[in-house]
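Chain nomenclature is as follows: A, B, C and D, assigned in order of appearance, with residue numbering initiated at 1 for each chain independently.
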Amino acid sequence: MHKHILLIKCKDEKGLLSKVTTLLFENDLNIIGMKEHVDELNNEFYLRCEYTGETNTIKLSETLKKMLPNNSLININPLKKKDIVIYATKEYHCLSDLLIRNYFSELNANIKCVIANHDVLKDIVEKFNIPFYLVSTENKSKAEFETEVLSITNKYQPDYIVLAKFMRILSSDFVNKFEHKIINIHHSFLPAFIGANPYRQAFERGVKLIGATAHFVTNKLDEGPIITQKTNNVDHTFTVEDMSKSGKEIERVVLAEALQYVFEDRIFVTGNKTVIFD
Amino acid sequence: MHKHILLIKCKDEKGLLSKVTTLLFENDLNIIGMKEHVDELNNEFYLRCEYTGETNTIKLSETLKKMLPNNSLININPLKKKDIVIYATKEYHCLSDLLIRNYFSELNANIKCVIANHDVLKDIVEKFNIPFYLVSTENKSKAEFETEVLSITNKYQPDYIVLAKFMRILSSDFVNKFEHKIINIHHSFLPAFIGANPYRQAFERGVKLIGATAHFVTNKLDEGPIITQKTNNVDHTFTVEDMSKSGKEIERVVLAEALQYVFEDRIFVTGNKTVIFD
Amino acid sequence: MHKHILLIKCKDEKGLLSKVTTLLFENDLNIIGMKEHVDELNNEFYLRCEYTGETNTIKLSETLKKMLPNNSLININPLKKKDIVIYATKEYHCLSDLLIRNYFSELNANIKCVIANHDVLKDIVEKFNIPFYLVSTENKSKAEFETEVLSITNKYQPDYIVLAKFMRILSSDFVNKFEHKIINIHHSFLPAFIGANPYRQAFERGVKLIGATAHFVTNKLDEGPIITQKTNNVDHTFTVEDMSKSGKEIERVVLAEALQYVFEDRIFVTGNKTVIFD
Amino acid sequence: MHKHILLIKCKDEKGLLSKVTTLLFENDLNIIGMKEHVDELNNEFYLRCEYTGETNTIKLSETLKKMLPNNSLININPLKKKDIVIYATKEYHCLSDLLIRNYFSELNANIKCVIANHDVLKDIVEKFNIPFYLVSTENKSKAEFETEVLSITNKYQPDYIVLAKFMRILSSDFVNKFEHKIINIHHSFLPAFIGANPYRQAFERGVKLIGATAHFVTNKLDEGPIITQKTNNVDHTFTVEDMSKSGKEIERVVLAEALQYVFEDRIFVTGNKTVIFD
């Protein structure tokens, strides 16, 4: 039996759970997992419901639309694999982790292609029979660079773009085309060490832990909604290089975990935060 | 407005969530938090619901009883402080943590008394104006010892008994009188190192992490339902004493966290496991 | 046999370890623990050595001074308990943890007195027969307030001052009197969320982990050398209050761990960082 | 400048550090890292020293042999890449992580070949141009199977054999040929859940954390010296499959960390424990 996902985001009001669960029950659908959250500050209601059983999805969606508050976000879909495009630069650790998970069908996504501004990662990508596009930044403006990247990306109509250690800052113009569709892995426990060289910043501050943050990209650098964060202990014996090496281990894990939430429809973006039903 | 807790455990069937949420809605009660879990293996349904609003609780409970499957466990109560009795021996770290939390009203419980088989902890307990009973094990049988302990305990009619590093093994007879009402902190990541001297066992095995486990006490030693577990890293420089010292830090934290779940009615025991709605 | 601690900080050069260990050997002293660190960037050498055996400490120190580079810091002492003064405001969790550890002789320090700008914590302090001084900030300038606090502090000639959730910012004048002698617990994973209300800042940023940082106080707010840091996971269900509650658990643990390093002479301050021999 | 590693294991006695460091100093060698450990229970001394500078290694070794206690283990070598052979079965996550690290020269080892008792992993191995040998267990005795595996292994004269989720138990005869040369990743926090199906055992016990353990293989199943262990939190919503999925993430990390210690000569086996200089 197929598993379906019902996602609802709407203004909170009394009786929402009763309405939704009763409707599913009347349609002979079987709820096998349900998570809800009420953001009391903003009076918002969030629901993720997994159910089995067959019904006319369009009709169900229309009925929900009528019974829920105006402007409700309603999304019913079979849990399907997302199409993604990955941008990278030179570092292999996040990219190759995704290539492996994709190859063994564990990513809940299809990597359609990889675009990079260096050719270091060409070989590893092509080992897995995935198209690799080199778009150099040399001798061209940022706008020209982004136009090329965009043109390739659009060919694949991706559900999401993953920045797997992509070392270029995307323009607001670019980012605005993909609202809440670009996921980045930043190598610090944000909001600490925004911007360039976070491990050097961490080294100079003498912190005792380093971290990594996966987040949606917005047009404010490193300030988009956070999905996942983890930290590792470091001490006075760590050079910048040691921190970077230790950090890569967390970056890999943090990005993989964040993408799982995104690709399994377990996440709502609300304002500049995320609601995650894990 | 008072917050009420509704707990339900019953056989799973279609439409349970719909029934319960609709009933609360019809009674003009406002659901402010809800967690449910379906144990598909055993076909069991678990629900913890926090609501505000006033209604006739007895009547609500009866209506629920009629609409839910036979033998459903239904428990509606205002979130009230639990009365507890603590048993201890000589180690102070867990006990004094509870005394402090109790003194500053952060435990969601009232410590009614402390019973110990040594007098080492008498002073610290009495600083907080809590009755301290010394019940020595000397020159008496285990049965006699337990009869004395039981007699004092019963005077206070506790909701729960907490073993805060109580170094005596309670008999099955004793334990059976308080099913799922006795919480113990064991100084290992169970099921590793059951029984005596877990830190020595850990030292001899050369593990690289030590742990602590809070669990309900059953008549099988260290095999009751687990509530909370945590581990700390250790290395080859740790003596048994170092492990014990590091372990105490986790024991304190693990017991406090477990008691929070228990005293806030966030826990169901199911078979030999726990369902925790945190 | 008494355990002695030898601390050395000096310019690095070839043969230092050979010189020091040979000298101890010739004095018939037994090295039972030794940690060294070379900061290659700054060409600094750090050593902490625990030894047993008796010798003329003054003579040993003089010999070392002659054989080591100029301006070497040499400190030989029996591992003795430090005298400390604690400053607090209203929150009990860090203070009472220290009171308990002090009472059971586990802090490697003697709490000489507690100074607070509110009287909320008077009772708990006096339960442990420790002098409590209320120094209100009302109707007086910051300079007047600090003069009073300083006057009480000086009576006790403390080795260290511990800010156990002391909610006032000390002036540079005050801080400069106690270089690397004041330890603070800050309720965020610094350098994130410097300044007031870090948990509110964390809530608004939507982070997925919160933290605590113990550090030496310098005249730059929250920018002194970091000793210990830990983080806890949080999610979208956490209110500011929940974060604060969860954070208190880490603050307590982080401060206790940091103080252990300080009170056992396991720490060097070097520039704005710490070298910790744990 | 080449970095050399000096490893010493011998009976402890006064003056060892002095002797060794003075000898290195006299040979004009520069100590850049040094870790030592004294096992007071067994009166053993362990040293790992990284130095730069050139000298006659054989002569240095002989001089050390003369000045150190009888039966000292002395090992001086340039930090070289180890040759390894990997055994696997069907699970890809640990193996492919090693293939990727090997491909990007981050493993400090050369994977000479992979031997598996199923062909599932053939494709991924051959993508990286590494010989893959299928040795089926069908229609042959355990002894015959091991003879085949041994014959292939011996062709490559590996420094170490890595069991990357190899689901067969090796005989004592086989294991004894490679004392402290075989590293296994076990999917539980040993000594909990020895033997088959640890995640099912964990599920049935209702633990709140699962783990992974990398250890040297001895002829007692899952009882060899432990190198690295980590745990992840789980809760009542985890099925056996969820535990297994979450566990794979730790297994990968634990094995990689353990192999780093082994391949960088950071580890001594002492009795049934390990001393790790990280």
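We adopt the following convention: a residue touches a chain if its C-beta (ideal position, glycine included) is under 8 Å from a C-beta of that chain, and two chains touch if they have at least 3 such contacts.
Here the structure is a predicted model, which means the values were calculated and not measured.
Touching chain A and chain D at once are the following chains: B, C. For the self-contact between chain A and chain B, the two sides draw on mostly identical residue numbers; the shared fraction is above half.
Chain B and chain C have Cα centroids lying 35 Å from one another.
Chain centres here are Cα averages; for chain A and chain C they lie 40 Å apart.
Counting partners per residue, chain D has no residue that reaches two or more other chains.
Residue ranges of chain C in contact with chain B, taken from their complex: 92, 96-97, 100, 103-104, 124, 127-128, 249, 253, 256. Touching chain C in their complex are the following residues of chain A: 37, 39, 189-193, 205-209, 211, 225-231, 235-237, 271-276.
Considering their complex, residues 14-15, 17-18, 21-22, 24-25, 28, 30-34, 36, 38, 40 of chain C touch chain D.
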